[in-house]
Amino acid sequence: MTLHTPELRDHACLIVHGPDQIGLVAAISAVLTVNKANIVSLDQYTDDPDGGAFFQRVVFHREGLTAVMPDIEAELDETLRTYGMTWTLTDQSVPERMAILASTTDHCLLDLLWRHRRGELPVTIPMVISNHTNTAEDVRSFGVPFHHVPSQGPDKTEAEAEILRLLAGNVDFVVLARYMQILSEGFIDALGVPVINIHHSFLPAFIGAGPYKAAKERGVKLIGATSHYVTPELDEGPIIEQDVVRVTHVDTAADLQRRGADVERDVLSRAVTWHAQNRVVRHGNQTIVFQ
Amino acid sequence: MTLHTPELRDHACLIVHGPDQIGLVAAISAVLTVNKANIVSLDQYTDDPDGGAFFQRVVFHREGLTAVMPDIEAELDETLRTYGMTWTLTDQSVPERMAILASTTDHCLLDLLWRHRRGELPVTIPMVISNHTNTAEDVRSFGVPFHHVPSQGPDKTEAEAEILRLLAGNVDFVVLARYMQILSEGFIDALGVPVINIHHSFLPAFIGAGPYKAAKERGVKLIGATSHYVTPELDEGPIIEQDVVRVTHVDTAADLQRRGADVERDVLSRAVTWHAQNRVVRHGNQTIVFQ
Amino acid sequence: MTLHTPELRDHACLIVHGPDQIGLVAAISAVLTVNKANIVSLDQYTDDPDGGAFFQRVVFHREGLTAVMPDIEAELDETLRTYGMTWTLTDQSVPERMAILASTTDHCLLDLLWRHRRGELPVTIPMVISNHTNTAEDVRSFGVPFHHVPSQGPDKTEAEAEILRLLAGNVDFVVLARYMQILSEGFIDALGVPVINIHHSFLPAFIGAGPYKAAKERGVKLIGATSHYVTPELDEGPIIEQDVVRVTHVDTAADLQRRGADVERDVLSRAVTWHAQNRVVRHGNQTIVFQ
Amino acid sequence: MTLHTPELRDHACLIVHGPDQIGLVAAISAVLTVNKANIVSLDQYTDDPDGGAFFQRVVFHREGLTAVMPDIEAELDETLRTYGMTWTLTDQSVPERMAILASTTDHCLLDLLWRHRRGELPVTIPMVISNHTNTAEDVRSFGVPFHHVPSQGPDKTEAEAEILRLLAGNVDFVVLARYMQILSEGFIDALGVPVINIHHSFLPAFIGAGPYKAAKERGVKLIGATSHYVTPELDEGPIIEQDVVRVTHVDTAADLQRRGADVERDVLSRAVTWHAQNRVVRHGNQTIVFQ
């Protein structure tokens, strides 16, 4: 496994959540201190100090991390088990594997590929899958494998099966970069990794198809984009990031689409980056985003 | 009638709309030129150059305007009648009369009163009507009459009748500065002047009561406010202005309400100012805002 | 001393900074755990993980805080002394005492007074001092003492001495709410508490007098406001908060001033709130703002 | 000449500026009416209604424009000459020819090429010139000629001469897409077409080299980008567009650079689009941007 970012060598990220209790921070930091780890950043959030849920993100540095990782994991397990907490520990020098699903529209796809090439995204991109072929050459020019999986007709069973075959075991999360197909609940379950979507409106306004046309008809003065985790309910999953841009009566629905595209790619790239940096914790249908 | 803004003496604002046609601008500007009026600003918008609707806002300066106003009106009438256009001509030195309806919440109300005292709003404020008394002293300290019209119980007939009696003939438009009562269609019809509302969400998201609570539950990353003309359909009228502010998972519903209040008062004050300056033209359920 | 915010009863805020070291978080949180304190929020920042400076803000809840405060302070002192750290511990239920200095312009002053009345600012306001009298009635209507200290002529010695007499021992920090007098270095030293200013430009652009006129001349497309701690160098102190608003060629210098006023009051109120909540740590000529 | 945008066939843009006078709008629109042109949009600005400067942008549609263009020009010349006005008339179906100068940094360059391929920019791109070769393959993959003109050492005479040879007669304007060389006054004069630069700060803050490092040192809470016309005074030319993004104490100078890059490409693309649509009029060291 290639080390993606040299400056993250020997860095790990610990996410802990569960019932808030006195002594949690002390217990966790004691394990790190005993293991000679230096805490680089620490963020904590409690949704209700009186019996609520506790969320913590700790990034720490430990010389020779790989060798001691099993020990740290064992000690954290022993400690956090007594508090009834859920936790994950991630070696930050190992980038997440991110697959991209796309359709004909290229602005979000190209922006992710270009940011990756620049070194802005802490991920590897094992493949791009599209139900069209127009972006194949561009994708491959970035050195990323491109797979065409057509998805015509109402029955998506075969297409979804083919996509599952390609992704299985090869990815840590999937990004829908304006992929214009609705994924079945069965597909999402079988995939078993997080799926991040970009919706071209300020959710919950304008759920579903044609949001720019709907925005023009309603006469809104701002249009937006929303990146969220995909759940079986269309456009209803936990929101990671949103943003808006000002428009006026002069802008046509096509203008809204063009201006919205800039917001979409910015919002999606921020959501993807934060997810890949383990900054996003799902909590019911909401997200905690540690920044 | 007091002249509100000395620098607007001898200025008039002409709003024209109707079917787009060749020669309209020339015809209108010819009338102004013949009457020795200097065009200070001119904005035009056509929603479809091929047979669409034409909208124009012209502000002009004419020495001794009051004396020649009837002549200009007569000539405009003659000219624009042949084109089948709707138009209004307003002496800009005469401020619009704006009544404010409020409830207990004071942030939008006080902001309008402050701005008015500072000379920012080109209006007079003949009265504030509230269904509570808590703001009476503040309102009167600005030299503005305060009327208490209670509105308890499900039957609003008497309250609306009393409000109508107070407003009839005394106002050019009405602002609902977080007035927490739904006005009946009969009231709006009987009132006969525009009513501007501020809704505490980014419409069309979170229509109706409790938008901040709903926003917290949906986990949005931006909250907003919308100022719109009131129509019989709740929160569905033409939008004049909207804005948003960024929030995070840390913000409680009470925090959203507090931070949203700042957006509400800013959005409402812009909408009111633009309306009072004849910058807003209603077009179906949308607005043209000339800036 | 009145308890300002009941929900902050039994809450304390600990700020720690100094050289980054392994074990710091564990040591601090161990003291809190031993004293049965529950950590409500914790933010940590290290400007350089390799030998840099460490900053931490912890808010904790401890039933019956007042009684055990001396014990906690003693234990923290013992522990943090060995690490060579600087620290402050503040009972959050005791609001800071904030004096306001103002001149004729009232928008920032009134906004602070109104937010305070609404319960948004965790402070008491023992007095407002102005070199003009125009705001006296408004200030007193909020139940806040008003003092007039004229400041004419080039020699400010007497005025500054009078202000010092009024403030001495009565305030924890001072806000310059568009106070249009430059304070001498001697005054700032003698005062001995933080002074927060609002400058009407996006610093470091347009330092000094007349920033809106200078902005108009330069033809900028955004104007801004900056809140910062006052230092002897005019407009050069550590920045707490900034924001901007979009303008166009149509806006005159007077329009910029009017629109900038909205940004000024928003920026100042955020800076003041964060300061009063012990969220701002000065670090050289920069600030850490924990949010 | 390829017609770039079919929907702009038979559309022309007229820009008029000069001393404000009664009758100007009427005279101009009369010429258009006589020539059967339908005004699609019209914006007018007067910097001082009392003897100031007049600026107007008119877009009109005329069936069979090419054939009657000379007549319209002759009549406009005759009319506007009597008013002492400066004017330009542009066939909007003929795209402007835009050359791009770049260095190693690719984000602004690629963004312009993407937008152009997507049909967002109403220009042709006859060439990209760079003093480095790293972007050659990318540029050519868009079907755009790439020329390498090295620019080492203090003497830029030869490089500038070579660039002039390449551009002479082939371009209508030049964009510096993070071109890290200062152009001599002689070069700008000899070029004779507008040059648009993107500066990586919110001008006039942080003029010159290293603005992100300077921003970090000053501790600003927002960073920005500015697109302006190039004049002999470095970073002092008329500003076309600016924007900012929020940053915090956590962001390093490298983070500022990365986040600023997103603002740079957005700001530059807006400035370029508006320039190519004849929306920008220079007025002293300021710009009128008709939107």
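Note that the chains take the letters A, B, C and D in the order they are written out, and that residue 1 is the start of every chain.
One rule holds for everything that comes next: a contact is a pair of C-beta atoms (placed from the backbone, for glycine too) under 8 Å apart; a residue touches a chain by one contact, two chains touch by 3 or more.
Quick caveat: nothing in here was measured; it's all calculated off a predicted structure.
Trainee: If I average the CA coordinates per chain, which chain comes out farthest from chain C?
Mentor: D
Trainee: Consider the two chain pairs B-D and B-C; indicate the one with the greater count of contacting C-beta pairs.
Mentor: By the number of C-beta pairs in contact, the winner is B-D.
Trainee: Between chain A and chain B, what's the gap in Å when you average each chain's C-alpha atoms?
Mentor: Distance between chain centres: 42 Å.
Trainee: Could you tell me the distance, in whole angstrom, between the mean C-alpha positions of chain B and chain D?
Mentor: 36
Trainee: Which residues does chain D have that touch at least 2 chains other than itself?
Mentor: As it turns out, chain D has residues touching two or more other chains at 41, 45, 248, 250, 291.
Trainee: Considering only which chains touch which, label the overall pattern as line, ring, star, complete or other.
Mentor: Contact map by chain: complete.
Trainee: Any idea which chain D residues touch chain B in the complex?
Mentor: 20-27, 29-30, 32-33, 36-46, 49, 56, 61
Trainee: Where on chain D does chain C make contact in their complex?
Mentor: Chain D reaches chain C through residues 45, 202-206, 217-222, 224, 238-244, 248-250, 283, 285-289, 291.
Trainee: In the complex of these two chains, what residues of chain B are touching chain C?
Mentor: Residue positions touching the partner: 41, 107, 110, 114, 118, 120, 138, 141, 248, 250, 258, 262, 266, 291.
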